[in-house]
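Chain nomenclature is as follows: A, B and C, assigned in order of appearance, with residue numbering initiated at 1 for each chain independently.
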Amino acid sequence: MASTYRNFLTSVPWLILCLEAVCMVLFFFLGFDISPLIPYPAFQDVNHMMVFGFGFFLTFLKRYGFSSTGFNLLIIAVGVQCSVLVEALLHFLIGGSSWFDDSLKRITQASVSMTSVVISTGVILGRANPLQLILMTVVEIIFFHISRCINTLYLEVPYSNSLMHVHLFGAYFGLAVSSQFPEPSPRAEKSSSTPKSDLFSMLGTLFLWVFWPSFNSVLFSNYRQTAIYNTYFALAVSAVTAFVLSVLTTKDGKFRMTDIHSAALAGGVAVGYAMGSIQHPWIAMILGLLASVIAILGSSCLQRCLNPALKIHDATGVHFTFGLPAVLGGLAHLLLVGIEGWINISRYINSSYLGSLVMTHLGAICQTISVALVTGFITGLILNLRPFKTTPVSKYFDDQFYWEFPHLAVGF
Amino acid sequence: MASTYRNFLTSVPWLILCLEAVCMVLFFFLGFDISPLIPYPAFQDVNHMMVFGFGFFLTFLKRYGFSSTGFNLLIIAVGVQCSVLVEALLHFLIGGSSWFDDSLKRITQASVSMTSVVISTGVILGRANPLQLILMTVVEIIFFHISRCINTLYLEVPYSNSLMHVHLFGAYFGLAVSSQFPEPSPRAEKSSSTPKSDLFSMLGTLFLWVFWPSFNSVLFSNYRQTAIYNTYFALAVSAVTAFVLSVLTTKDGKFRMTDIHSAALAGGVAVGYAMGSIQHPWIAMILGLLASVIAILGSSCLQRCLNPALKIHDATGVHFTFGLPAVLGGLAHLLLVGIEGWINISRYINSSYLGSLVMTHLGAICQTISVALVTGFITGLILNLRPFKTTPVSKYFDDQFYWEFPHLAVGF
Amino acid sequence: MASTYRNFLTSVPWLILCLEAVCMVLFFFLGFDISPLIPYPAFQDVNHMMVFGFGFFLTFLKRYGFSSTGFNLLIIAVGVQCSVLVEALLHFLIGGSSWFDDSLKRITQASVSMTSVVISTGVILGRANPLQLILMTVVEIIFFHISRCINTLYLEVPYSNSLMHVHLFGAYFGLAVSSQFPEPSPRAEKSSSTPKSDLFSMLGTLFLWVFWPSFNSVLFSNYRQTAIYNTYFALAVSAVTAFVLSVLTTKDGKFRMTDIHSAALAGGVAVGYAMGSIQHPWIAMILGLLASVIAILGSSCLQRCLNPALKIHDATGVHFTFGLPAVLGGLAHLLLVGIEGWINISRYINSSYLGSLVMTHLGAICQTISVALVTGFITGLILNLRPFKTTPVSKYFDDQFYWEFPHLAVGF
């Protein structure tokens, strides 16, 4: 263990430094183009969500508060730089022209893309060391942008919409990576939460809940208002339904905090795809309701059956908070596009065009999930090679393995 | 108790579901009108205040952090939907035309209206179960909008100004409801706070303090700047005075955290009515000073004499944080309108018009308080009928009665 | 002690009240000029940073959470009013005309100026009583504005740029004041942190990190976009480097939380001077890297050698978080101005003008540091005169000396 740890000690900083050096050199080719297409407060909201909201959303583990918030900051600081560069590179290779006309838009898109990484991190929370997290960040950002490019170029998904696949990609990539990690011992006392850590997690959840309309609307200048209203109402119904179902699914009819955390956000995820084509708030509300139902029934039923069978350990319930609601949202979008097309079928479009429209949308969803699963699986294999795998299972979910604890009392 | 509890178990989710179903059906009649009169960041600030600020403002109870933040989210998610619908219904019945021209304005007005419910919740914090809270939310929102309509139609209060009665209505409605609830045993160990829970409450207070200028200014497009400056300075003086008076009123000359929490906000409440007619910041500052004096002297003197006599238990000190400062603000507004009118008396207006102006303002305040007290009293009676009254007094202020606690250590 | 304390009890509230009375009277001469040059959301971000971000940034001490957040609110509420008045007075004496054209700009400038006081507070955190803090606030704000005026009038620093000296002034003023305070006993158990208090401090740090681009850009209408991008990338690199160096400098290769707190912000401080003249993000990134290196090497090496020799106790590591990075930023700005001038030397400017430009910039930095040190030293002497020095060394870092603790369990 000592030698493994020394390995870790020597490798992490140098890896990060090399990465930073590469970033800085490559940033040499990026100038500033100052024509703000994105209002600064909207960018700020997204930035706040990523750094603060997700950081504290993940603090529910008893002894993992430092790592949850700290590593989240590290990943985002590294990942946003990588994402800007990867996107610029792809843009250079493919040669689109109108993509990259605003520096603030660039950072905003990078922040939104980073959601996929942060979601994946949630699945392996407490089991991956910083070295693995950083490697995963770089690899995942690259594959996410490639998957996006495929969607945009071959499946004709509009460019901004393609970013709404973050939840889908992040959740399934994370689950595939997680399947390669050793499982923690089932009665690990450290993997539980305390009332205080749950309250910190509630703090992060409320932040995410409040800023989700900004997240969904930030990249859509043409229907920003519609996106805001739909997301707001979907979130509201989703939060209410979370309380309802939490009472119905627990044994003695009490509320379960983790249900509230995950289900309250599911509505925002589900409405992400379709928000532009929803013309009435009640459709968004029904989507929010269904997303919440999926999130809670998923976490209470499926998690018990499915995860042990597939040997997946999903620390934050990412599959039910982000994965399934995103699938639901994609299918709902498909349905709405189909219905809208069918209504207008005689007037503007013919039936074969409608069919191809629906098929490309469906194809984009399937493509994203497949790429996420395959690349996630490979990434998981690589991350668990000898040189990267330094955290013994007994030190999972433990801040003290990564952080100095000069404190006298360590009762977190 | 078991059967009562089963009653609770079966009733809460179905009540909420029915409510949601009604909401969704009614929302069918509401479309989107997209002409943003309210800047999105301002709406976001108000939303943030309601969900996050008030949620954590109420976490000062030792073992009630989950319920404070969780039920606050539930109430707001339910209440905003109801409020939008009630306002649309009243608008439809009365037939005003220019009220409802922006969807974002609609949600913002609903959020601001919800302040009254959240304030009322503060009075009965820890004593009401979720069923009672949701019933109270629906009933209070309806009565608040009716009271507003009376003010607007018969007392000629400008429409936007009428929303500034939220604090007044919320505080007195809550106190009237509270008078019907059984009192907790006076030496209930659970109704106290810990340094940590007080710090969480400070977190919420600082949020409210920072965003109060947004709250006061969000609905006033014509004098937004003035509202912001006046509120900011009133809050600053109010916070400073809170420290001064806290030292002077405690036995050994120390600061009292609860004083800081309540008095720092009193200035923002007091300036809410008059902010449009204040032309110099020093007037706002004096208002902030007086509001803080009332809040602290109220909590240290009156609470000891008045509340036991009237048998009112006011968990958060709502009467002195929101009730009395709002009365002060209303009277100050009256005075300023009177003085301004008296100066211009010869030029624009005659003396009888001035008299009627002052009387209608006074009438609006009295009308709001009376409606709040009467409807609150009735609501309190209904909420304490057999089917709704499920929480035994010994389980007051206790998260574990409502929430699953899988945690090993429950020392909050 | 009893009599000293009575002295304290009687003096604090009256001092604050007198100050408030003076403020209110003087505010009589200030009207409102409503022409918003500063967007309200940007002001709100700065306000949020000051009240909430710095408040919680300073909560890392085990038993000093109430005082950290509470006194921070008190200082800002008092200081902003003083700052507005001092600036108005100086403006009146000197007679510039275009300075004061917007009320919101006035409050924003006052908030930004208050950063210097909040930074100084960080140095003597836990050792100064509220009386000393308020005196220091008033004195420091006056001297800071005088130093700014010297810079603007005699050294031709642009007016907005002169506000970026806040970090420099605050850090060295605080250190000079601190040198006059008695040192706490080295193994004071109370001056340490707990995991929970470190997490609260992380909460504040993340707030500061997220809002720093707003802070740096709020006063620069002509190159706001550039300031935002440069600050964002400097902060990102700075955060990443903090993790790298934290591992390299600790004994067993773990991360140290205090390093992350201070180094993550150093990048934003360093880029403050030069952000307008940086044309490529990679320059900002290198500045962020260097700032982080200075902050961490400073705290791990210099603090051990330098501070005991100079008998300075720096509770928050302000010297390395704000002081040295600000010096670095100033020198980098100098270099960039020099290089840019040298490139254009034949075309627009001659060599002697370039020399004088560089010398005035250098002069401004030296002037700020000297004024800060001298006035800080004198202020420290005055604050430790008999009537103000009421806190015994054994009661340092202890909330219970200042706050009522009705809580049964006081284990913070």
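In this text, contacts are C-beta pairs under 8 Å (C-beta built on N, C-alpha and C of every residue); 3 or more make two chains touch, one makes a residue touch a chain.
A quick note: this is a predicted structure, and the numbers were derived from the prediction, not measured.
Participant: Would you identify the shape of the chain contact graph, picking one of line, ring, star, complete or other?
Facilitator: Contact map by chain: complete.
Participant: Roughly how far apart in rotation are chain A and chain B when fitted on CA atoms, stated in degrees to the nearest 5?
Facilitator: Answer in degrees: 120, to the nearest 5.
Participant: Averaged over CA atoms, how far is the centre of chain B from the centre of chain C? Could you give it in whole Å?
Facilitator: Here the centre of chain C sits 36 Å away from the centre of chain B.
Participant: Any chance you could list the residues of chain C touching two or more other chains?
Facilitator: 41, 196, 203, in rising order.
Participant: Can you tell me which positions in chain C touch chain B when the two form their complex?
Facilitator: 5-6, 8-9, 12-13, 16-17, 20, 23-25, 27-28, 30-32, 34, 36, 40-41, 44, 47-48, 51-52, 55-56, 59, 65-66, 69-70, 73-74, 76-78, 80-81, 103-104, 107, 130, 196, 200, 203, 399, 402-410, 412
Participant: Under the stated contact criterion, what part of chain B meets chain C in this complex?
Facilitator: Spelled out, the residues of chain B in touch with chain C are 41-42, 45, 189, 192-196, 198-199, 202-203, 206-207, 209-211, 213-214, 224-226, 228-229, 232-233, 235-237, 239-241, 243-245, 247-248, 250, 252-257, 260, 264, 279-282, 285-286, 289, 411.
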